[in-house]
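Below you'll find the structures, each written out as structure tokens.
Same chain, two partners: subunit A is paired with subunit B first, then with subunit C.
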Partner chain A sequence: MKKTLSISESELINAPLLFFIINACQIGVGIHGFQRLIYQDAKQDAWISVIISFIFAHFIVFIMIKTLEMFPSNDLYGIHQEVFGKFIGNFFNLIYIFYSSFAFLVVLKNYIEVINVWIFPNLSATFLGASLLMIVIYAFNGGFRVLVGICFFSFICTLWVPSILFIPMEYSEISQLLPLFDNHLKDIIKGAYAMTFTIIGFEIINIVYPYVKEKNKVQRYVHLGLFATLLLYLSIMLISLTYFSGPQLEKTIWATLNLFSIIKFPFIERVEIITICLWMIIILPNLCLFAWSTHRGVIRMVNISSKKFIWIFSTVMLIFILFIKSRSQINHINNIFSHFGFVVVFVYPLFIYLMALIRNSFLKRKRTN
Partner chain B sequence: MFKKIQQKILPNEEKPEYNPPKIPVPPLKNDFINELKKIIHSPADLVIRFVTNNITIAFIDGLIETQSLDDNILARFEDTSDETPSTLRERISIPEVNVFDEMIQCIDEMLIGAVLIHINGHPQVVLAKIPSYEKRSLEAPENESQVIGTQVGFNESLNTNITLIRRFITNPNLCNEHFTLGKETRTSVSVLYIHGIVDEKHVNTVRQRIKDLDIVDLIDSAILAELIDDSSSSIFPQTLLTERPDRFCDGLLTGKVGIIVNGSSMGIICPFSFLEFFQSREDQNLRWPIASFIRLLRFAAIIVSIFFTPIYVASLTFHYEVIPQPMLVPLSESRAIVPFPPIIEALFLELVIELLREAGARLPTKVGQTIGIVGGIVIGTAAVQAGITSNILIIIVALGALASFTTPNYMMGNVIRIIRFPIIVLAGFWGYYGIMLAFCFLLIHLLKQSSLGAPYLAPFYPPRLKDWPDSIVRLPLPFISRHSVNSRSRKEIEKSKKKKNTKKQRQNSNLTPENKEKVIE
Partner chain C sequence: MKKKKWFLLFVIACLILTACTEYRVLERISLVTLIGYDVEDGDVTATSVVRQINPEFESSIEIHSETAETSKGTRVKTDLQSAKKLMAGQLRVTLFGDDLAKEGIEEAIHTLAMNSEITTSIYLAVVDGKSKTLLEGQYPNIADVGQHIFNLIDHNINQQQMISSTLHEVVRDIYASFRDFALPKVKKSGEYIDISGIALFKDGKMVGSLPASDSFYVLLIRENINDGTLQLVLPGELAESSKNPPNYQPEELPIAIDAIKTKRDLKIINENEIDLSISLDCRLLEIHSSLAISDKKITEKIEKEINKKIESEIERIIKYSQEVNSDIFGFGEHFYAFTRNSKLTEEKWREIYPNLKVNVKIDTEIIRSGVFE
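Right, the complex of A and B next:
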């Protein structure tokens, strides 16, 4: 397959849109219940874990973009092929394709689970999966610009959601955050590690990068997007830590949804039912961009039209959904995914950056000789 | 999928151009008359007169101005035998006189208001154009009425409509390109734009799409609008049909392309974005806080109109827990005797409202009022008393219908009302989840649309901050860049980059409503 991408002018996007892409890709199903996972390790210092994980994410994104800048018109798949040659490169591509489709599956299954538990216990997972996949297929066929548009509107349509999360604050107890730094640093880092499942999503920059018009502004908007997510996660974490007591938080799977459920307006109660349904527009960019990321990798190896690809891909995903049934299975898969995701998103970019550096200096030496 | 089907129905093969056989003009008088009658099947309104021994004139009764015929043509004839077409042409004192030597061409001209003058012995015909346009007088636009602003609407004559536009825009850069469309009707179509403001790309697209059309007839501009749409399978209109010359000129001045079809009282403006369908010309005439409030009201109305009934259906079918207790009591009381599930109830009432609207639109105005009474009072009250529907649903449905009529554009208002039905069905089956599915589908559909290749959801996506002051709100005029970035030409962009004389430019290009009114006076 061809090594560099040829992208038509009409497919390029402006750099500021990266803010929405990064933000939309990060916020997904993890936010429903990340508090418990982190609290288990870091206790009342969980919010520090959130900050640490984001500091690390900022660093990794910086490295990622540095790597991408060495190959201005190529995505990660192309870099693999250039750095490692075709054979080994394709092996790495396969891993990344697997990662993207795994992420797709995890997001989809978790959302279906939430709907089944909170709203429609009797609605079959097959129907929910199929309906969501139909939407994804419809969006996917619109091309990259439509996918970015969904990211944008996902952000706009859910702007009001964080603001109502401040309502539970009237029941919160600030003293629950004390004593500060009571836990061992190792536990706090462990908590940061537990953030992996919630924080990943920004690695989409690996694939989006060649589609950005102003390459010099990429760093700025990606970091801005990350920072916006940090603010959201941090505020939710602080509200949860002060609202729930420790043992309560350890038993709550979906702490954010529980926060929603106590919000009351004169004309509406049980806001979580509305927000869970609204969450469809939040996970839609996740699904679409992960599917798209898989597609970018697949077309490097197999000559397949995007329409055919998305139908095959969706069918495969639907079959996988049918196999995962119980909550413990989902937990297990989430666990595997977060370990796998940590390696792919947080460790691997350092490796590929080093490899690219070595290759470049090697090439330079060759040229001077 | 639709595109594939369309391609099957309309095979895109190259069709031969319309080339009528060429018939030379017979030099002899009688031959000429016979030939003429043969070609146009001697209709009853064909007038043939012998002015002198040599000269014959022919025209269609009613298509020409008889006054002009008397003064400018008949009075100029001299009874000499050495008259030739070229001398005659010089003597006739009307703007458009031509000499043709081909019959079909002559008859084409005669059918749009020319007099044929044939001189015995010459194989040529002198054509003098003195068309008379039968037309309605200018009236206030009925479908797009507004309180403040000019009260004049287009009528069915192409020439009058173009004159109206020229009154608003007295600018040599206003270009007018003429096309003839429809094999049978040969309808005149004018494409208008302002050179220097318009994006040439859009003009080329319109030109190309009109040239590519291969149609039999063209009776109204709405048909042309659908034919040149980017995606004719979408429910959303992508071009504006307006009967207001001020709205039309507004479009031209913001760098859009306008199309006027002879015989139609509606002009087409394209490209047009989704948001602009919910703006009215009047918004520019009102003070900005009021205009902004009205615009926000309209957008709230769209949301109410599309989602209110589905939310009712979903809440009462699946999500009782969302409704607070004090509100649940009256709701369940009013629904207590209704035997149907909410979805049937809602669909029934929505259909009744649609029936009322359609009946009101078709009936004469005087009877229309009766329909309102019959529908509103008789059916409404009776339905509640009979226990078919609940009181609260009637309020919700009526509110939704009312809200949909606030959309300033009739075409878009229809869409807003119709897309409610599938959403109600989805809400009835899958509650809020179904509504959300519909919302996502709608959003993606809108994202996919384009108008002449320009994004349909502009200025929101792709985000164009410069156009936001004139979007769902209207900020004071100095904040509004007159030409949306979407439809600016290169020249304009370069100018704004230089940022020279920006203020002056704004004042010049910003024709305030007062100025416009002066122009039309």
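Right, the complex of A and C next:
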């Protein structure tokens, strides 16, 4: 297939929109219950793990963009083909396609599980999945710029979260954060590793990059987007650590939703139910962009129209949802995904950066000879 | 074009019609507003106050009581009794009979915390006696016993007359390693329901109780408060020092104060000793008219006497909690938080706590005293 992308002017987006894309893609289902995963390792220093994981993410995103800058009009799939040649390149492409669709499945299934546990225990997962996929198909058919618009709305929808979390702070005990740094650095790093499931999403820059108009501003807005996510995660983590006692936090599956459940307004007593329903708008960009990312990879190998692709993709995802049933299965899959995601998002970019450097210097030498 | 329209219609129909998967019509369900648990020969007895909404008449209150092995089992049995589906989403209070409380309520609380239908803001309380007798009693002045008990507990907690006992706080303390929890105690007294005291728990089992009049002190030790009224009886000699000594010589001088702002401060001295200092800004509400409270000297004297009195009361309460070995004030948590590498374990704290030396120091300041001297 074609090696470089030809993107028409009308499909390009402005760099500041990257802020919303990165933010919307990171905030998804992980935020509902990431606290206990990190607490298991880092105990009361879990908030430090959050910061460490974000420092690492900033570094990785920097490397990612450096790699992309070497190939200004190509996404990761194209880079694979250019660096490794067609066959090995396509092999790596397959892995990335698999990663994107796996991420799609995990987000979808986790959200359905939350709805089933908190609101509708008897509603079938297939029905929920099908109706969510309908929306994804509808949005996907609008094209890339519509997806970016959804990201923007999703960001607006997360804005109210920090403000409402001031209410549970009435029950906070600051002393539960103490003693500071009482755990081994190793445990804190382990906690940062457990953040993987929650923090990933920013790797979408690998695919979005060629669509950005002002390439020199990419770094700035991607880092800003990451930083905004850090602020949200950090505030939720700090509130959770002071609100719950440690062993209680370890037993709470969706700590963020539990935080909401103590909030009571005269006009609405169960805020968490509204929250969960609204969360659909927050996970929608996750789903759409992961589907889109899969699509970008697939069209490099198979000639398929986007409409056909999304219908086939959705059907396959729906079939997979049928097979995952119990809570323990979901946990197991989340676990596998977070290990796999760590390799793809945090380790692999370093490798591809090195390979791209070697290739470029090799080409240079060849040209001078 | 026509095909597209039909397709759209089909999708809309699917979405709108299937929205009725799980409907809960208010007239067809009954709302459980309060549940009381008792233990009877190893089985659980659940007494629930159920509100039924009827569009034509006033909503009615029913009380069901069932015995089964698990609390969910009692719910199934109660369901068999009632004409409408029971929903627990409006549950506001859960009561525990004192037999059950002595046996341990950790499992019952675990069940409550597991259920997503129930919010974590419901109140928990212990009943003096059986919760069944409390709920099934006849109260001519109380229309809805569930709502009444909720309001009773809620307004006392909001006015800081009683310790807060939301499900969240109890779950937090039950799983915390260095902290025990306390619950309000309610009691049937004739045709009324009172808050009669505070029940102290250790490892989820009730081990003792304090009278309701002590709740102000317990709050004072536990947290910073800004409300709550306290009556004190000071020694009668204070009256002598007033400018115009009263014609009669009272043996005791009762006064009432109202906390405006308090600040509690804990300071660790060593492993077995802790300083508890509380500064208390208060408002004088009631005092014998002969005392010239505008006189600085007299005010200072009163403050000193208040300090002494509160100190002795607090010492008594702490001593009692040490006797039953229930750290409801969270001293252990403070020890853990403020000592590095403390290696404090739950068992170790259980050994330390009864012998912990607490030096109480109160610093009262009367900052307001009403509009009439």
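Please note the rule applied: the second predicted complex is superposed on the first by the 369 of 369 C-alpha atoms of A that agree within 3 Å, B and C clash if a C-alpha of one lies under 4 Å from a C-alpha of the other, contacts with A are read in each partner's own complex, and residues count from 1 in each chain.
In this section, contacts are C-beta pairs under 8 Å (C-beta built on N, C-alpha and C of every residue); 3 or more make two chains touch, one makes a residue touch a chain.
Quick caveat, the model's predicted, so the values are computed rather than measured.
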Touching partner for A:Val343 - first (subunit B), second (subunit C), both, neither: neither
Touched partner set for A:Val316, first subunit B, second subunit C, both or neither: neither
Which of subunit B and subunit C A:Leu178 touches, first, second, both or neither: second
Touched partner set for A:Met280, first subunit B, second subunit C, both or neither: first
Partner chain(s) touched by A:Leu123 [first = subunit B, second = subunit C, both, neither]: both
Partner chain in contact with A:Asn14 - subunit B first, subunit C second, else both or neither: first
Partner chain(s) touched by A:Phe267 [first = subunit B, second = subunit C, both, neither]: first
First, second, both or neither for A:Ser131, with subunit B first and subunit C second: both
Shared contact residues on subunit A - subunit B and subunit C: 120, 123, 131, 264, 269-270
Complex contacts: residues of subunit B adjacent to subunit A: 318-319, 321-324, 327, 430-433, 435-437, 439-441, 443-445, 447-448, 457, 460-463
Touching residues (chain side subunit A, partner subunit B) in the complex: 13-14, 16-17, 115, 119-120, 123, 128, 131, 135, 138-139, 142, 145-146, 149-150, 152-153, 156, 264-270, 273-274, 277-278, 280-281, 284
Touch list for subunit C against partner subunit A, complex: 11, 15, 18, 21-22, 89, 116, 119-121, 166, 168-169, 171-177, 179, 330, 333-334, 336-342
Residues of subunit A touching subunit C in the complex: 117-118, 120, 122-123, 127, 131, 134, 171, 173, 175-179, 182, 243-248, 251, 258, 261-262, 264, 269-270
